[in-house]
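In what comes next, chain A is part of two complexes: it sits with chain B in the first one and with chain C in the second one.
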Partner chain A sequence: MKITFPHMGNVYLAVKALFDGLGIEYVIPPKNSKKTLEIGSLHSPEEICLPYKIMIGNYVQAAEMGADTVLLTGSCGPCRFGEYCEMQMNLLNKLGHDFKFIVIDAPGDIGVSELFNRIAEISTKSRMSKHKKLQCVKYALDVINLTDKLDAKAHWLAGYERKREECKKLLHASKRDAARCSNPKEMIKLLKDYEKKFDNVELDLDKDPVKIAIIGEIYTVIEPFSNLYIEDKLMSYGVSTRRELTPSWWVKNMVMSPTRLNSLDLKRHSKEYLRLEIGGHARECIGEAVKAYEDGLDGAIQIFPMGCMPEIVSKAILPRISKDKNFPIMTLVVDEMTGEAGYVTRIEAFLDLLERRKEHVLSGS
Partner chain B sequence: MKIGIPKGLLYYKYHPFFMTFFTELGAETIVSEDTNKSILDLGVKHCVDEACMPVKVFHGHVASLRDKCDAILIPRIMQIRKREYICPKFCGLPEMVVYNIPDLPAVISEPIYATDDKRLYEWAKEAGRLVTRDRNTIRRAFEKAVSVQNEYDIGINTLSYEMKVALAGHPYNIYDSYSNMNIVRKLNALGIGIITEEFVDEEEVDSEVGKLFKRPFWTFARNTYGFLATAYEKKLCDGVIYISSFACGIDSVLIELVKERIGDFPFMVLKIDEHTGEAGVNTRIEAFVDMLERRKTYEDNVPSYGQCVPCSQGSF
Partner chain C sequence: MYYLGVDVGSVSTDLIVLDERLNVKDKIYLRTRGRPIQVIQEGFKLLREKYMDEEIHACGTTGSGRSIAATLIGADVVKNEITAHSTAALEMDRDVQTIIEIGGQDSKIIVLRDGIVVDFAMNTVCAAGTGSFLDRQAERLDIPIEEFGDYALKATTPVRIAGRCAVFAESDMIHKQQLGYYEADIIGGLCEALVRNYLNNIGKGKEILPKVFFQGGVAANKGIKKAFEDALGFEVIVPDYYDMMGAIGAAIIARNAVRKTGRTNFKGFGLADSTFVSKSFECAGCPNCCEVVRIYENEKAIGCFGDRCGKWNTSLPAQTIA
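For the complex of A and B:
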């Protein structure tokens, strides 16, 4: 059995740590690229959302590298994501890939014992003791948390760095090196070392950079390829960015959600504009926009894939928030046709606007 | 007190309930006109671009009622069946409308959980308060409304034609004849009868749906999938026409699941949005009907049932 899984931001590092630890064979699909998307679009229904297409590309590319088992997460949330797995299974079968599927669902839906059965299916391949296996899960969680932390640091400090693109380079180096580690402990140590390196980045704290919150559909904001590397771009511009939706947030949210104590902060902030859960992460999106304003950021950028149902609802609400609070929010909708040039133009225009507003405030007019 | 009721989205299915409820409470009701060009234009003007046409049309209906009533009903339908959902746009409908159409009167937007009468009554209590403070009146109006709704049947099952098409899609795409360009009439004129999802038994739907690896969590998907799978299995129709909205996330999934199930049984997806031209629709319907007819003659002439009937022209 050779397991593969779809890409989503840094998740591959955590999964690598997990399987390295357990001693299970796996295939990391090639990094997302135009090619991945081309393959995905070729085989997927035209109107399906972008994340689906990219994932199909991942599976097909992984199959070419010998993967025979796919790990899918299908949570039964009121969005398409939950319906993905059935369709993806059908599709891959039709393509003639003899995949085995392991679907990790929310326990509320398939029952706790079924969930354990499915997880056991993976871990029985490993001869370790139960205790050791749990230890590996813990390592994987550590990796998720650390990589998210590094992301957050780099994205925020980029606005203050003295040497241009230092944060960006450091961040990329950390991932490159982490991918080369062969056991989880080594990876964790390396990531921790990088964390320290960020403390040594020379900063100019007198700077007042433009600060932006990145909000929107969870896959699209987390997976850099699908948002045309917006965070990298903004780091190069010397803009500080913040993003609440991360893999570690997702894990926490999922674990906590049966207790309804999940992401209280964002729920509170979204209350004024969207009281109820409507599916996907629309409510988080609204909450983040309000929170970004309250935290004194300069603006927000909402990103979602074309046709994304919950985010269309958010998009309908955001202009009101923007108007009420005098807080600029721009929406970027991405699909496989999104061209780099037009995209960059819009981002630059938005940054211009934010900078001008800042000067205005400073000059007191 | 005058309550405005927009003739959009699930109005077509649930208007008896809403109308009875408010009338029994003693309120006056006003329903927006049938969908027409000016309603659609109003909707397009007030709604976010990315939304699907049914949601835009709904915005148009609300806008058309703006100056004609004291409160507008915007049904925030969260759930119709247990452990299933409606589209996210239904859940956020009041927000979409209220933040985008200026100068609206009060709106009735309490969440509706229609999974059982008790939860539905929660809605009635909140919504009814706007009209009367009297609990008993609300209770009585609610009970009447539920019973009127239960008596109400929509659904089409024409028996007088030789050939029949299963007409599938969200209720508003089927029953809003402006949006679907009068498809029912068009088909009848071509000598084709129609059957809709209301004419398949719940048990059959459940049994079909049960065969899926994953239980569909959208009520629309469950109904339509169950209907088409049954209609196909039981030979209730000669082909399927699926009316779908552009940019409907649910349809994009559902159509794939249906295709998977019915193989190369004749299946046509008719995508509609505000730019769809009627001429193109006519041509496609005619071509589809032609194909059905050819197929029928072929089958009639070659009675080798159970053998593979080549129908490469079967799926459009």
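For the complex of A and C:
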């Protein structure tokens, strides 16, 4: 068995740490690129959302590297992601790839024993003691928490750095080096070292940078290839950004969801505009927008793939929030286009808008 | 003392020269034809006759080709079209509250209140209603694009055409033509359809208040202007230099920037004689597989685009043509 999994931001580092620790063979698909998307859109249904296409590209590229099993998180969810695993199994079958799918669904949907059965399909491949296996899971969780922390630090400090792009370079270096580690302990140590390096970035705390919340559909906000590397761009512009939806948030949210105590703050913030769970992360998106306003950020950018049902609903609600709170929100819809001109124009114009508003408020005119 | 603005758009490239008081001294309108470098050179050849390098005290670029233009001419600012257009409009009239801008491939709405941009939108995936589409229809009907608007004004009972999608609008038009409808009514109907599409699509959820400025190449079309006025119920103003607003904005923003820095980066009109070559390749340095384009001026690399990590950009000065 050689396991692979689709890309989503930094997740590959955590999975790498897990399988390195367990001593299970795995394949990390090549990083998302135009080629991945080309393969994906060649085989996928035309109207399916962008993440599906990129994921198909990941599987096909991983198959070329010898992968035979796919590890995927499910959601049985009220958005199309819930059907991804069945559709992708079917599609890959037709393409002649004999993949075995192991879908990790929330225990609330499939029951605890089924979840353990599925996990056992992987864990029995490792000859370690139960205790050591749990240790490895802990390592993977540490990695995902650390990488998310580094992301958040870099994205926020980029607005205050004295040397342009220092945070961006440091962040990229941390990921490059982490991918080279051969065991989880080493990776965790390295990430912690990088965390310290961020504390040494020279900051200009007198600066008042533009601060933006990145909100929207979870895959397209997390996977940089799908959003044309918006966070990198914003770091280069010297803008501070914040994003609540991260892989570590997702893990925490899923674990907590049976208790209904998950993401209480986002639920509270979304209450006024969207009380119900309508699928995907629409409610979170609304909550984040309101929270960003209350936290004193300057604006928010919503990103989602074309045809994303839950986010279309939140998109329709956002202008209302924008008006009520006098809080600029811009929506970017991503699809297969990789031409950046129009995209960059929008981002730059939005930054100009926020900057001018800031000056306006400060000068009191 | 003059300020230069260059707007490299998909269809046209505009060059503008403003004097100290921001009056337009010169304007040049050229077709881009997919060759931004050559067209800038062409424009510079014309400007060289009238102006000395030293007289240009600031220069700015905008439009979808703004980065390449900036590298070429040594721009002081590189600004997006939305900011450029609103800067130019506000310079002319502080009271403008809405800008409708329709260019070759883009259409935009910019909402301003009290002299600052508060909201904007741009067409995402659909090119219906932009200049290129009108160009194509004019060509198909064998009517010069300049006269297209006059035809629309002659319409007595504009025909209803579906403006949702450029392709279907065209088949709808062909169908109505085959049924023998009066040409002017069809063109009038097309203008109405495009305006309807604009207001429903880009203008959706935006508060369109007067004064409204109508800018961009399509503003030359009187039929569209009238259709906007009919739909909105008030006057739509087409400024004098409606097709140059981007370039004017870039020049003004450049002036403001140079006031702060104290000097311009303008490279001079001499580049009209340089030989520019651009080479593209796929970087194999990492799995990102960036498509990198490098521009050479007289065999010396002057600019690099498309790499995400910046390694080609920063390694520039030492590079020469291979």
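Criterion: the second predicted complex is superposed on the first by the 364 of 365 C-alpha atoms of A that agree within 3 Å, B and C clash if a C-alpha of one lies under 4 Å from a C-alpha of the other, contacts with A are read in each partner's own complex, and residues count from 1 in each chain.
What we mean here is this: contacts are C-beta pairs under 8 Å (C-beta built on N, C-alpha and C of every residue); 3 or more make two chains touch, one makes a residue touch a chain.
A quick note: this is a predicted structure, and the numbers were derived from the prediction, not measured.
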Identify the partner contact of A:E83: answer first if only chain B is touched, second if only chain C is, both if each is, neither if none is. first
Mind working out whether A:A341 is in touch with chain B, chain C, both or neither, as first, second, both or neither? second
Name the contact category of A:H360: first (chain B only), second (chain C only), both, or neither. second
Is A:E47 in contact with chain B, with chain C, with both, or with neither (first, second, both, neither)? first
Look at A:N183 in the shared chain and tell me whether it touches chain B only, chain C only, both, or neither; answer first, second, both or neither. neither
Does chain B (first) or chain C (second) touch A:Y273, or do both, or does neither? first
Per the contact definition in the header, classify A:K315: touching chain B only (first), chain C only (second), both, or neither. first
Give one of first, second, both or neither to describe whether A:K31 is in contact with chain B, with chain C, with both, or with none. second
Intersection of the chain A residues that touch chain B with those that touch chain C: 306, 319, 333
Quick one: which bits of chain C touch chain A in the complex? Just the residue numbers, please. 64, 79-83, 106, 116-120, 122, 124-125, 205, 286-289, 291, 308-310
Tell me, which parts of chain B touch chain A in their complex? 47-48, 50-51, 76, 78, 85-89, 91-92, 95-96, 99-100, 111, 212-218, 221, 246-247, 249-253, 255-257, 260
Quick one: which bits of chain A touch chain B in the complex? Just the residue numbers, please. 45-49, 74, 76, 78-80, 82-83, 85-87, 89-90, 103, 273-274, 276-280, 282, 306-310, 312-313, 315-317, 319-320, 333
What part of chain A is in contact with chain C in the complex they form? 30-31, 33-35, 165, 172, 229, 232, 306, 319, 322, 328, 333, 335, 341-342, 344-346, 348-350, 352-353, 356-357, 360
